[in-house]
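Labels run A, B, C and D following the written order; every chain starts at residue 1.
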């Protein structure tokens, strides 16, 4: 699968290294499926300790994984020395987050020196592998240069 | 503290009972500080297993607590037999989620038979008790009647 | 061009009829390029009376056309007797709305009895026909049944 | 009425001068009611050429006025030489935009060197002066320095 963006040397390593420092990704058991310039895929399994009152994965956990996916899609295109922070996102929930496992796919729509606009989708998979669109995110990401406490 | 909305009998009990069934609230160690008609306050402590790459609480965890706050603010005004589902939300991140503990405050802006519009704010507190606004959410909540699998 | 949705009889006529009653569409000189089940394309020319302080089309006018596009994409799939109202939308502005003419493309992502989730994109075209993505919208649309004052 | 922000010299003049160059404000007949540091109030009358299919003011026109209000609330706090551009906004529609006239009130929630977060509300007024909340906006505004074509 190709991408419209040109890769910086070492973009996979820097995304992976930063991702591995997100402790919450371990708590949710998220793993990286694919990294391409401006695109990322993440996966996580159903866990009963992440559910809302009906036994579905909580909307906020869906948001957590999609936000990381959007952030790292943006980060993959950022120059050396830039750190990534989410300014804001908006998320629509299309169907309940139930299933055996979930995949988040995020892509950069537009990138700039300071601001990157991203889109993400989260899919659920049943035991039989049936795919369903659970949520769509639009996120705005900022490149931060030389800010104390947020080194890459 | 008063509210512009009129209480249904038993609204505190039904909110508390539903909140207690959200397993993810236990994982994040969220507790209810206050419930009023159309308003709720939730609190949780800093936990290193919920952080992003700079050691702040992940934006998605902030979203998780604010989404529950908005949902239960809406749920507190819903009639008997209605279940609550988030249609969508938008969240802005104003400062890093660092601190000793965090408080989410959510209020209903407009309520209707099917749709409730809510607003929430999340504050951080340092050890010395200094308060800072971390994030603002605008969320749209749906009242669901008689849908299989989503009884209150 | 095909669509994932099945057409109701007369969907083009009902969309066109409702669109023609939107007086603001005449003020902005918007015309319908295409209607398919769950999809619509609208077009309008640059007009200096719709500009912001730098001479670009105002972000709100971009929003107006995209909102109508999203609403009518949703309306095209609604049953007889349903009226369409926008609950909320979120829009990102990717590049200045400058050019000779503009095209809005909106599609339904998920449709339900009460709630339809839509996505739209607005493109600018220079005199030479160069296309640029100006804005992306995610909108939530409600089907309204039997409400006074909002008959289709 | 006071504000939490400190005024730059000449902030009213620069906001007014920029506002007066927005041609679309004349088309919608918007006038400035008040400017304070980080806050603005705008007003406009009902006009039948700005309506949607039920005769209400179109959601996009509501967005246009709220977006200008949010942008100028942000601009009032920006340093000399900064231009204002909307990155994105989200708007919820709480009741139909019907009435004799409308007022938009916007305030800055957080301001920074590059990013300002704003909130706005639009109210309708009947002939008898009854006020109703029509829409709420959350908008993210960027300060642009030295970009060609967007001088203040």
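Keep in mind that, in the parts below, contacts are C-beta pairs under 8 Å (C-beta built on N, C-alpha and C of every residue); 3 or more make two chains touch, one makes a residue touch a chain.
Every value quoted in this text rests on a predicted model; they were computed, and no experiment measured them.
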Maximum centroid distance from chain C, chain identifier (CA atoms): B
Of A-B and B-D, whichever chain pair has more C-beta contact pairs: A-B
Geometric centre distance via CA averages, chain C-chain B, whole Å: 33
Intercentroid distance (Cα basis), chain B paired with chain A, Å: 23
Whole-Å gap separating chain B and chain D, where each centre is the average of the chain's CA atoms: 29
In chain A, residues with contacts to at least two other chains: 87-88, 90, 92, 117, 138, 140
Residues of chain A that touch chain B when the two form their complex: 18-19, 21-24, 26-27, 48-54, 58-61, 63-68, 83, 85-93, 96, 149-152
Complex interface listing, chain D residues touching chain B: 90, 92, 94-95, 109-110, 117, 119, 133, 136, 138, 140
Touching residues (chain side chain C, partner chain B) in the complex: 87-88, 90, 114-115, 117, 138, 140, 142
